[in-house]
Every structure is written in C-alpha cells, then in structure tokens.
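First chain A sits with chain B, and in the next complex the same chain sits with chain C.
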Partner chain A sequence: MNLAIFLEQILNGLITGSMYALIGSGIALVYGTMKVLNLAHGELYMLGGYFTFFLTVQFGLPPYISIPLAVAIAFALGMLIEKLTIEYLIVRENWAFTTIAATLGLSIVLQNAALLIFGERFNTVPYYVQGVMAIGDIRLPWQRVLIFVVALAVIGLFTWLLKYTRLGWSIRATAQDRDAAQVVGIPVRRVYMICFGLAAALGALAAAMLAPINAISPWAGIPVLLKGFVVVVLGGLGSFPGAIAAGLLLGVVEAIGVQLTSSEWRDVISFTLMIAVIWWRPWGLFGKK
Partner chain B sequence: MATDSAKPMLDVQNVNVIYGNYQVLWDVSMQAHAGQVMAVLGPNGSGKSTILKAIMGLTPVRSGKVFLNGEDITNRPAHEMVARGMSMVLERRRLFTGMTVYENVMLGAYHHSVQKYAKDRLEWVESLFPIIAERRDQIAGKMSGGEQQMVAIARALMSKPQLLLMDEPYLGLTPRIVQQIADIIRKVNAEGIAVIFNEQNVKLSFGISSHGYLLESGRVMLSGTGDEMMNSDVIRRVYLGE
Partner chain C sequence: MFKPYTLQSRLCIAGALVLMLALPLITSDPYIMHVMVLVMIFGIFASAWNLVTGFAGLKTFGHHAFFGLGAYGSALLSMNLAISPWITLWLGGLIAAGAGFFIGTPILRIRSMAHVAIVTLGFAEIVRICIANFSSVTRGEMGLWGIPQFEGFTLPFAGPITFSPADKVSFYYLSLVLLLLMLGVIVCLMRSKTGLAMLAMRDGEDAAESLGVNLTRMKLMVFGLSAFIVGIAGAFYAHYLSILTPASVVGLDLMISIIAMVLVGGLGTFTGPLVGALVLTVLIEAMRDLESYRMLGYGLLIVLIVMYLPKGLVTLRERCFPRPQE
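And then the complex of A and B:
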C-alpha cells in the first residue's frame, strides 16, 4: 500500500470519525447531565436527515439555509420530546429503568411514524459542494472536506459554549451535582430540556452533513445509535470531550482496520474495540476511574 | 422569650416528610428570626438534615407549611430560593468538583435575580476567605475538606442571602478547621445574615448559636435558648453525660 492511499484513508477515517464524534457527543451530553441513556438518539438523527431532505430537495432551499433550519427544528423537537416524556419520569424513584424503556419505545414509535409518513424509500440529497480536492497524490471530495470542517467548527463551538457561557456553566454544574446546582439557583429541569434539544441538534447536523453520502430511511438511525454507543463507551460514559476524542479515534481505527482486512469488517473492528475497552478500562479510554 | 414577639423570618408549621413507607419528620414546627444563629440538634437519623432540605425545597413536604418572610414556600423548587434570600451549604460540601474554585464561587451568583451582586460579593467572600483569590484556578475537587467547606460557604454567600442554611458544616473536619468555620459563621452573622445549621455536638453548637431545637426520631423534643437547652435535663443526661 503506498503512502498516499494510506494517508487518504487516515483522513477519511478522521472525517467519518468527526461524524461519530457529533453523534456520540449528543448521547454523552444527555447521559452526562441527566444520567439518561437515550435509545431514541438514532431516530433524532433520522428525523434530522428527513428535515434536511425535505427542506433541500422538496422546498429547494440552499443547503446553508436548509441545514441550519433542519438543525433548529431538531433542537425544538428534542426539547419537546424531553418535556413530554423524560420530564415526568426522571423525578420518580425508578427513573433509571423507565427512561430507558420510554426512549426505547420512542425509538420504535418514531421509526414507524417515519415509515408511515415518509414511506420506505431511501432518500438522498445532492452533494453540497462538487469537485475533488487534490494535494499531491491525496484526493478527497470537497463534500467530505466540508463535513470535517463543519464538524470541527461545531465541536469548537460546543467546547466554547460549555467552558465560557452561562448556559455551559449551568450544564456542567448540573452534570456534576444536581442538588448543588438547584441550590445555587440553576433550573435543573430546564437544563435537562436544553441538553436534550442540543443532543438532537448535534445528531441532526450529522445526518444533514451525511445526507448526500448516506441515504435517509426510517431505519437510518439504528446503526447510528449502535456506533454512538461504541463512541460513548470508548470515551467514558457521559464525557463530552471523551466522546469527541473517541469518535475521531474510532474513525481512524476503522479506516486502518478496513485497509488491513476488508470493509465488511468495519463493525467487527469497532465492536471488538468496544468490548476490549469494557474489559480493560470500563471507565473508558478518556474517562476517569 | 423576646424573640416570640417579632414575626419570624422562617416559620415551619407541622411539617411531615415521608420517604417511601418511612416517615422521617413528624409534625415538625420551628421558627427562626432575622439575624439569629439557630442550631438544629439531634443524633444520626433524627431528621435534622431532612428538615433543612424540606425548607430548601430539595425534599417534598407531605403536609404542613413552610413560610419565609410571610410567603408560603412549601414545595417550591429549590432553584427559586436564592431569589427569595435563602441559600444553603449542603452536607459534605457538594462542590462542583471538576470545576475551578472561581467557577464554583461565581455559580453561587448564577440566578438572574442575584447576578447584579456578583462583583461586590466576590470581593467580600475573598476578604472572608483569602484562599478563594489565592486558589482561583484550582480544580475544587483537589482541595482539602476544610478548604472545600470554605468554598462551599463562599458559594452560598454569593447570592446575598438573608438566611443561610448549613447542613452539618463541621462534618469530617479537624478541630482546628471546625474552629475556623465557627469563626466564619460568627462573621457571617455579624453581617446580619441569619444562620440555621445542624450538628450532633451540643457544646459545639451552643458556642455560636443563640437558640436551638432538638430533634429525635423526627420529632421536636425540645427548643429554647442556648442556656435553656444546656440546662435541660434531657440534654444534660443524654448528650452531656452528666
């Protein structure tokens, strides 16, 4: 294998990994703050894909308008879902089980609602940008470069938001100690709602960026959820920066693994890695014990 | 008692709290007045932490009422309390351990109703606890227990409370630190802030409080001024071993 192809695969791995990071960080944000494992996260991704498809293809909006709009709708929908389901369950004694059951149910409902409303057709969106970037022998479609740039920008934005804004402080404080957060005057329930919305927005953005490459169907969220789990386990459950790092790492490991074996082994590689991490470092590669 | 003539700042009336099938508080009533330091005494499991949590809105009250400055605050959410002039230091500090000292302290002035005080209050708490300026960027979880308690108290003072609740402020601290914390409580009180704290050790409590309640198995057994309490038969026999 020559060096250019190898580097190209590493870059492709980072690009895929940046999407894993967006998906995983949404799951991590909700788990870290609310201790709720959102099994409907994949369906929020799927709906984000549909929103993008309808706005871009049906309504003919340019991507720089349709994508932010799709993400905004997903944010609002995420908050609404939290308000209607989790809000009532999380205050009960058996919340740990009921929230898992509720999000699992929600996942099935959303899949079948999508099937009923949108049909089983696989929908794609045209490339947002055309052409191929060439540096020496390395060739990457601009579409993929765009995915990576957008992902990095959003990750940067979220890192800034968590570290320096009032909202970010309230999210981190709630994640670390819910009672203490309430006592200093943080409306914890509202923080939960916003976190759920932000997670949905992150998932929707990933779906929107991948829509030209991965077709949107009612089942599009299932593999996404599984990959998201691998990411949060590798990164340390509930750690936002851990999920980012683990997402990128997983993308690269898969890319190299696929080079050495074949593309059917992609999921085998990632789940083997996950099981190995559960075995050796159950707190995650980047988490604290 | 002179304090009975004035309207109480905090008025707890016949509060019952039940966890699952277990009743923790039985018809607990207590009053605290502006500017006082009040102690809630009692052994482990007497409900002395629960009553503070119930006042703050962290634990649901099954029946009974809690009034703060004449307003009914029963079962109001805890995050509203700082706006009403009450804040709390939780048991075992409960800092945001992954955040810096500065972030912890500033979060004490998070609520929009108290944000405007943040700058002045920060100066004041830094004068009370020099460690807050010195260790500004240290991760709070890496400090010693006594240092963490100071940050926790500073955080609770940032919202400019009239009433400060302290859940077992001396728990797990060395005698030297306990003396420091007691001095801090005096200083806080000297600023006109009423303090209610709970503690097992009777002698330690009446070193700084003017007034107290004794809880046992979730019921008020005794109340009165420090002297009255120290001279009561129950306290002398059970707690002082005389």
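And then the complex of A and C:
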C-alpha cells in the first residue's frame, strides 16, 4: 500500500478520533459526575448540528459567530433537560435505571420531533475554510485540520476548567462523593445542571465542526451516540482523560480497519473492539479497577 | 410474587384464559386475529425482557438482537436446508440462546448497569449490521421473503389445521400456545427457589452472593433463557409474516416499543408486560392515521411513565385505592 495514502488515512483517523473524543468526553463527564448514562446525548449532537445549520445557512451568520451561538443554545437546552427530567429522577430509588429509560425516551422524542419539524432532508453546511494542506504527498483539506485544532483547543480548555477553576473543583468533588460535596456547601444540583449543559455543548460543538462533512439529519444522533459509548467503555466509564485517549485510539483503529476491510464494516469493527475490551479489561483500557 | 394464589387471582387467570380461547369463536375477522397474534408475539418478547430486566435486574437494551437472530436463523434454516419450520422454530431459539450466553459472559463480570446497557446495545447493532451486510445470504436491506409457512396437520376431533395467510385463526391458537408455554416457564421459574434467588440478586448482589447465590450461573442462566424465549418469538414472527428486513426485526424501534410496553404495563410484574403489549398494540392499530407520531408517542410515554408512574399500569389500582397495612 502506498505509504502516503496510509499516513493520510491515519491522520484522517486521528481527526475523526478527535471528534469521537469530544462526543465521548461529554458522556464521560455526565456519567463521571452524576452516574447517569445519557442516551439522549446523540440527539443533543443532532440538535447542535441543526442549530449550526440554521444560524449559518438560513441566517447567513459567519461561522465564528454561529458556532459559539449554537453551542450556547445547546448548553441552555442541556441544562433545561436536566432540570425537567433528571433532577426529579436522580433523588428517587432505582434512579440508575429510570434515568437511562428517561433519556432513552427523550432521545426518541427529540429525534421524532426533529423529523416532524425539520423534515427528512439531509442538510450540510459549506466548508468553514477552503483549500487543501499539502505536506509532501500527504494532502488534507484545511477543514479537517481545523476540526483537529478546535478539538485540541476545547479539550485543553476543559482540562484547565476541571483542574483550576472553582467550577471544576465542584464538579470533581461532586463526582467523588456527592453527599460530602453537599456537606461542604457545593450546590450539587446546580453542578449537575451545568455538567449536563457542558456535555450538550461538547456534543453540539462536535456536530458544528462535522456539519460540513457529515450531513445533519434527524437520525444523525444514533451512530454518534453508539460511537460515544464505545469511546467511554474503552476509556473507562466516567473518565474524562480516558475518553479523550480512547476517542483518538478508536479513530485510528477504525481508519486502519476500514483500509483492511471496507467502510460498511466500520461500526462492526468498533463494537467488536468494545466487546473485546469488556472481556479483557471491563474497567476500560485507561481506567482503574 | 410468592403469595399463594387467592381465589380471586385464580378466577382472573381462568377468565382471561377462557376469553383468549373463545375469542376466535366470537369473531374470526382476519384483521382482529392479526392484531391479536402480534399482541401475543410482543407479549412473549416483553415478558422475556421483563425476566432479565425486571426480575433479574440486568438492564439490557439490546434484546432485539435475539429477536432478529431467532427470526433470521429460523427463516434461513428452513429456506436453505428445507427443514420444517416446526423444528427451525426451536433451532432459532437455540441460536438466540447461544448468542445470549456469549454476550451474557462479559456482562456477568461487570456490576455496572451502564456497561450492561452499552454492551447489549452494541451487540444488537453488530447483529443488525451483519445481517444487513451479508446480503448474499440474507438479501441485506432488501429483506428476506418467501419464508416457508408452518405445515398443516390433522388434529383429532378438530380436523385438518392449515397455516396460510388467509387462515389467521390457526396462527392465533399457535401463538396462544407458545405464549402460555413461555409464560408457564417464566412463572414456574419465578415461583421456585431459583426465582427467589434471582430477586435477591436484583435487590442486593453482595447480600445474595454472601447467602450462597451463584451470581455467575444465575446471570448466565437467565440471560440464556430470556434470549431463547425471545428467539422463539422472533422465529414465530418470521414464519408468520414470511417477510423480514433487518430494520423491522433488529431495529432499535422494535426494542423501544417493547420497553414502552413493559414500562407501561409494569416492570417486574407477571401481568405488566402482557397488559402493556395489549394496550399499546391495540392503541397503535386504533390510531393508524397518526402513524408518523407513533415513535414520538412511545418516547413521551416512556418519559412520562418513568417520571410519574414508575410501577406501571397494573399497580394503578393499589395506587389509587391503597389497601390498609396488614
């Protein structure tokens, strides 16, 4: 196989992987802090894509305004959803199951509401940046490079946020021990709301960055959610750094796997990898026991 | 669950049984028969999902994998190897049970509900994509059609029984027999000591283990059994409709409707899944014009039930008229 093409595929894998990392880290953030598995995460991605589409294409806003705006709307929507459903369920008995079931129901509602409101059309957004970057024989569209740069920047921002800000401390304290956090005066409910909002924002950002490449449709969320799940299982459920590493890894593994087989087996490759990891290291590749 | 049968509950069961047996005598309208057959197939599926999720406490979201495996397994065996559907029905169940053991093994090592949900969902997705991609065998997204029907036979005192699309009554009785058989297995299991151990496992794994419940064996057994029952339901569905597509039998939509049925009826009860299957299937048929809102309705229903009626419809009476504490 041509080495340049092979390297190009690896790079593309890393770029896709950076998006998996963004999606997976949203799921990991919510699970790590609240122990809630959010099955509606894919639909938050999908809605983020629609917000970007409407702001960029319908209202003609430039991407550097429309994308932050779309992410902000998704943040608010995420907080609203948490306030309306999870907040009631999480204090009841059997919450681990009811929250999964409720977010599953929510995902169906959002998906079908989007289908009724936005229609079946697949919408795309024009490339944010034009042109192709060429290093030797390796050629990458600048759009893909931009995706990778934005992903790295956001991951850096979140790592800083979790480590060095009061909000980050509250989130990590709540994740460690919810009751103890409450005792020392951390507003746990508000932390939950913000966490859910941040996860939605991460998903929406991934959707906004991918919108020029992957068309946005009411069903766009399902494959994204499943990929996000693979990422969090590989990285150790609830681990933010694990999700990022696993996302990048999954992107590369998929790229190589698709080279060896064909693109219709892409999802089978990643799910098989997930089940293999569950057999071998149930707590994930990077997680602790 | 371990209360002895009261006269009242015996009468209720007998009444429901007589009603189900007599229904074709009252009306043999093919449409009503068709809806009732679907109700019973979904009833079997819902009861088996309730067995793992409601009784054993393994919250899986990928049971449609076993329905699809049973359906495609039985259909392909009967089409390619010319085995009678009467036999492939059970083989389909065994294929599903094998898959259940396979996916149950990693699950039993994990105690986290989220992992179980993710792994089962991922497994169902693998099954769906494989069925769609191996199009030389399964015809892929085009769907499998021309699946052989059950052969007719002659019943003493009743004369010849034939299974054809025109004659829904025989399918009705066959699905009723299957439903009663599967329900019988589940009820006997749950009223036995094993059932008690299973409930103990659901309510407190560590406590159950310390009292000598073999969690590994219990989880594998219940997962395999449930997969077997769902596989039988899938196989029957295949030979009944004689047309299959990956989306219709391994689609997430199917799983969601089953989850909605069980939650509406009542998770962790015997009658809940059946009531849910009956109510939702009949409701959907009654509101055919609103087909495009169907999944939206299921989603809303799941959210509302989980939030406001977490024990389901069958416990509504006790909720409205609480009995005095004895």
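Rule of thumb we're sticking to: the second predicted complex is superposed on the first by the 289 of 289 C-alpha atoms of A that agree within 3 Å, B and C clash if a C-alpha of one lies under 4 Å from a C-alpha of the other, contacts with A are read in each partner's own complex, and residues count from 1 in each chain.
The criterion applied here is as follows: a residue touches a chain if its C-beta (ideal position, glycine included) is under 8 Å from a C-beta of that chain, and two chains touch if they have at least 3 such contacts.
Just so it is clear, the model here is predicted, and its values are computed rather than measured.
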item	value
Partner chain in contact with A:Thr272 - chain B first, chain C second, else both or neither	second
Contacts of A:Val188 with chain B and chain C, given as first, second, both or neither	first
Dominant toucher of chain A (residue count), chain B or chain C	C
Partner chain(s) touched by A:Trp169 [first = chain B, second = chain C, both, neither]	first
Touching partner for A:Ala102 - first (chain B), second (chain C), both, neither	second
First (chain B), second (chain C), both or neither touched by A:Ala180	first
Touch list for chain C against partner chain A, complex	53, 59, 61, 103, 105-106, 109-110, 112-115, 117-119, 121-123, 125-126, 129-130, 133, 252, 256, 259-260, 263, 292-293, 295-296, 298-303, 306-307, 310
Contact footprint of chain A on chain B as seen in their complex	20, 56-58, 77-83, 87-88, 90, 94-99, 103, 106-108, 110-111, 113-114, 155-156, 158-159
Residues of chain A defined as touching chain C within the complex	31, 35, 37, 85, 88-89, 92, 94, 96-98, 100-102, 104-113, 115-116, 222, 226, 229-230, 232-233, 237, 264-265, 267-268, 271-272, 274-275, 278-279, 282
Chain B partner contacts - residues on chain A that touch it in the complex	93, 166, 169-170, 172-173, 176-177, 179-188
